[in-house]
């Protein structure tokens, strides 16, 4: 599905055939000349409610068979213009989240060192800490553009400091994130207390709650994101629970009352022109998906929009 | 999950643990000092198409584990400020709807007499007649604020006068409802004839069909509701089939083409400042829910918005 | 469910009983005096990804039990005013798409010759070629009003010229369609190349991509459709994948990011006053439906809107 | 699928096409010359746990598309030798089980009076009372051959005397059953008390609990059945919960630890040579079926074995 | 559902109503006079494949609503003769399996110290280590009677020593188990190497692989178990994956080719007369259950058989 | 998962991680030194009822992650002793079964010519014709050992000669099969007529119907198979619908009343010592699988037993 023959449906095997790599891209671990390395992080030991995100990478790869090379709304040949590799999964030991994150970070550093931009398929959001460690080792502290229904800046959960509600606080503490260049948008749903988002802002993050975000045009969101982000390296993280559970039911901690897929994709598309050092799509929990595997398909499309951002950037 | 320790995720057991009561609230039948009694009415013998709502209370309780105490959009500590009890279920005999409604009414009267506001988890909509009997026994005739895709004011169904399409006609006949202080909104989908809604209006109800409602701002809906309702006791009934089946598929008589969850929650939130003597969320039929149990989760969030209305009212 | 007794819920058998014909309409093959013949085309050998649409007619019939006679928004007694028959299925041999389409066309011609307007329940979109052959045999070349996320005008798929991505190119080649009187709307999602839609337009079709359509009011869409269609015979084809997969997950090639059911129904309703010689609703693949069978129910409602267009037209 | 052309797969429409009648048999209500009338009884208001059996007839009809005419193990052309009609459903009002059973009995009497043997697709087991009323009106008191994990001879359930645990006690009280010619086999699972089966035996029924039945050869079961039944009219009732829930998960009150489908079919087959005046297969609750609809398919095969018993008997 | 009124179905609320405790038994934490404390351990961080067992206790409680008091095959009034409490769940922190097991052990010790026999609903099999710590603190080293398709005596998994494949090796190392009084039965399916079971036997355990067990009569299994167990305290652990996945699909590491539910229940029943200090049923992973929740129902029945063993023992 | 490090669970990545190849074996198309090439044939256009088998190879690969290297019952290190490659899928054009089979045969010939034994993951049973063409091109006419509930020797289906009920008649006609060295076992379920199996036998095949097979010991089946097969090249074909649908629900034409998985695996194991030139496992249709994907897992285990036959043969 890559290469010269992509211009028609007749020149590739049927989309339902073959080993499932992301969008039928080649699977190897040679970073040479690769623009983007799609990589799975099948970790779900940090989830506070429904587990299963360890099967997220498999499900997103499976659904990505439906993707095609050319993005008509952005007018770019995404799979044709970029050299993309499916790196496989970085893995880790079970049973101890802190150790696992260290293992994941080591695995991701191998990609980042080699040059490709990593696009990580989660896994629960805890993995963002590993991603930021790997990215910061090359780029220094990053600005975070987050679309999520939760801010994930708690300090701990029943004494555990490494779980899917804490990665961005840990990342600030470890000097991996620059909150002043970060914009967290989409937060909604019941909280433990008003402190939940106060502490996020006290860390230095800007927060646009969903009640505000839903009234913004994508271009207004874009303006705030780019003004906030400034010139340094950026990380774009997309938690699938940002989208309303009607569109993405298969996630660990769903929050009803969110955006449609169309609205969410508009927000990602609006970021065209911003340059990201890394991406992730997280919290797809396949055991809870509908028979049509819609959540995994939505996640594959979000990843495709991220690839499009890179393709547009490379085109200049 | 109630009480002083609610301010952080670290001080309660994990949300996936423990006996499932509504939002982890205590289960007992002592009405003393209780603001709201959440109570199940596992009755589905009145349904005209898909049964299963007898398992609605169990499913909503299960999904309510995801709720947290504080409502950020309304800025109120819902679970902290209110004394809430999970009363368990009121039950009834099978096989005869008329008898069953009488049994349910007797069970609910025990709550109403004791003081708490009942928030009933259905069960099919037939149970509203039982609720209104219990509420009217204390408050006299109530005004009805209904969000539903059907008006439920038919006279009978194949000769049966007690079924989920008739409770509000029965309630008018029994003097439990004041149609002149009632607003029924959201009606959509094919009807048997134009008489279906004509007779609703002839009973004295005001009806806002979905085609009109969808063009109103929540504040306009609110204005019409409060003007209509006047000063007397009010009952807020939310049929989950008001929401489009993409968001709430698990219901007895789904009607495609309705509002999103976000739109529906906005309408409930808009009612802040109105005082309700009772609430229900009905027609969740778990056997038809998706693997993520999204319908039950949406219903739990509707119930949470109802609790929020009480909390805001109590705060004054 | 048709006839004089339809004015109340009490005079027909419960909707969950009886042999499943479309909307409980009579099943026979006598075209005499029939306005619309609902007919299934259980063919799915032309699908490029998920099969299963052969069970589409059965599932749509099952869900159609929820339909009622009167359309309140359009103010017409759809099932009362029209003489509708459920014709059963036209069938075909397996294993060879070209032969099968010829068989389906022959079966549909029997209806068209007899007078009734055919409303075809698919089946994958390949069947549109059979429908157009049958319709053109009576009406000459038709204008096409298409709501779909794909234009289905490719030339071939791995050498196969008869598959669900090619029917409208084949129809042009066979002189069945007049592209100059056709409007294809709703196209979205990744493509093989920019050629995909360029060639559609080169064939003479007008295309409104979803990115443009979503910003149109239904009345603007209607205006463009009627200006385009002119005076000749018209065919209205609705691919269920036009709707976002949250609302219609059970389809062969889902494309996230599309319209809601409410938006889609508005577009169909907007076509009132245009006269169609034939209709179809295609690409419902029941094995991928949710437990509530929401996709089939949405498709039944789309078919009901099509019947409403006929009823309004007959009323004049 | 009936008639002369049945001898090869090439002469009928594909099994996935057409309006769903039982085994593609003709649908009408003319009893003349008909051997067996397959008829649905979509009643589930008598169930004590999971409802949904109202959709049993639809699901069994759908699955019966897989049946073929000839039974190789019994060497009989079942669909070819018998004149079978799908009578559609007998229906009843909701909301009152006692009234509903009377309505069902009236509907079934029409069949019995006309001559055909009724084969009833349930519906919960309450319907057996209606069947026995219809059958006894012609045949006098019947002997009952029951395969079921419950004896269904309780007196009442929370005061309700017409529910799915009581039909055979009611039938004895009404003089419809002759317990002395009846054999109830397969009872297993926890009971309310030892009285549950003591009272069954006190009514005069012979009971073979599953613990005993599983050690019998089919021929031994057959011998006991025929010795017990004597010469009078007989009724064969098969509750799908007789089979282990691995094989038939979709039922109202499943009891783990029962027979396989193969073992259950052997028992039905063993009854060849006994003459039955009526049959039913009950308690299929489709909302709980697996994606392959295995329970409905098993039920369709049980019904097919019943038809085979008639065909063998007719052949003499 | 306990107490004097249990002798008939008419004297308790319908089984589908009420807060879900195990078999409708009372929920409190007063050990006084209690025979058995049913308690959940919602831990699944030790699983090597499919997670989800954290929801096992909820699902088993829900399914246990179908249980009734009296066991006819064993002729004992299980729920009437025993004083049973649903203790709720013992919980633990996420993210670190070693810490979590310590927390669970502390929670279970509270039960064991108080007197009741704990019947633990898992959770993955890692929790057995916590159970054995609690039990051994009172009883000293226990003999283990295990029915499981895996022996769970590995040393570690990717460096993690606390996971669901290691509890019984850890327990031996900690002096909690006496391998010489233990019988592990049912092992089947592919292994990493012949060392997997060699090392089990080197630890001192007796192993009956499934290939041998399937040829034993229950009484032969019983004889070997009681000869092996001798006189000391015993622990009975039942991993739901012992049963073939057709009967119990919802488990973390299913192994096709195992026993039926009927065969498995026979083995548990055969242990009547042996006295156990503790029980568990583990590895039910509800996200993978069928719509009928058969696995959870089977697990509830296994737990019921364990209660029956206690009831028979108490009766003497 | 292959190679020296397989002896313990600690030395490979977690089984839920990585690109899904069969049993985590390497994916390439270099036949050099390879013993067995596992290859998918995602073709389902020949199915007569439920399609979906095109996704069979993906699902079986996914489930095969649960396999481990060593077979304890056969005492062989299957994955360690054999050099296995996952060849990916051979594909074909849609829309024309005859052309597709030719394409599949060409793809499979590449493997057979290169030396490895092909183990084909279907796909519907039509693909057996392609396999036999490839195998016969090297080995000459083969003997067929078939476990299936259907004999698949019809002549045509509505005029189509290439579909899943005809491959073995076609193969005889093409001189690919030697019926005199073939044994077809397991046939059950209703037929079109007695001719169905008469014609099978007239072609020269030996048939053991399920009614007979179920009474044979595996060693008796083995004796008949080896006596029948003689010395020439053999092909072992396993249709997943041979197993009862409780164990393998996800298949195109399920037939209730068949063997358990344990019984089916025993039959395959019994063939140890016979040498096969090719294998397939066909008719897994994933859209109909249960949430635990049990059918795919059973199929993966059947494939594993086939690999074991090769490993035992290679060991000599």
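Chains: A, B, C, D, E and F, in written order; residue numbering restarts at 1 for each.
Definition applied: a contact is a pair of C-beta atoms (placed from the backbone, for glycine too) under 8 Å apart; a residue touches a chain by one contact, two chains touch by 3 or more.
All values reported here derive from a predicted model rather than from experimental measurement.
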item	value
Neighbouring chains common to chain A and chain C, by label	B, F
Superposition rotation for chain C onto chain F, Cα-based, multiple of 5°	180
Whole-Å separation of chain centres (CA-atom averages), chain B against chain E	40
Mean-CA-position distance for chain B and chain A (Å)	37
Intercentroid distance (Cα basis), chain E paired with chain C, Å	55
Multi-chain contact sites of chain A, meaning residues that touch two or more partners	14, 16, 48, 50, 54-55, 94, 157-159, 244, 246-247, 260, 287-288, 290-291
Each pair of chains that touches, named by its two labels	A-B, A-C, A-E, A-F, B-C, B-D, B-E, C-D, C-F, D-E, D-F, E-F
Contact footprint of chain D on chain F as seen in their complex	48-50, 154-159, 165, 187-197, 209, 211, 214, 244-247, 249-251, 253-254, 256-260, 287-290
Chain A-facing residues of chain F, complex	13-14, 16-21, 27, 40, 42, 54-55, 57-58, 61-62, 86, 88-89, 91, 94, 287, 291
Residue ranges of chain B touching chain D (in the complex, touch as defined)	44-48, 50-52, 54-55, 93-98, 157-160, 162-163, 287-288
Contact set on chain D toward chain F in their complex	6-10, 14-16, 65-73, 75, 77-78, 244, 246-247, 260-262, 265, 290-292, 294, 297-298, 301, 304
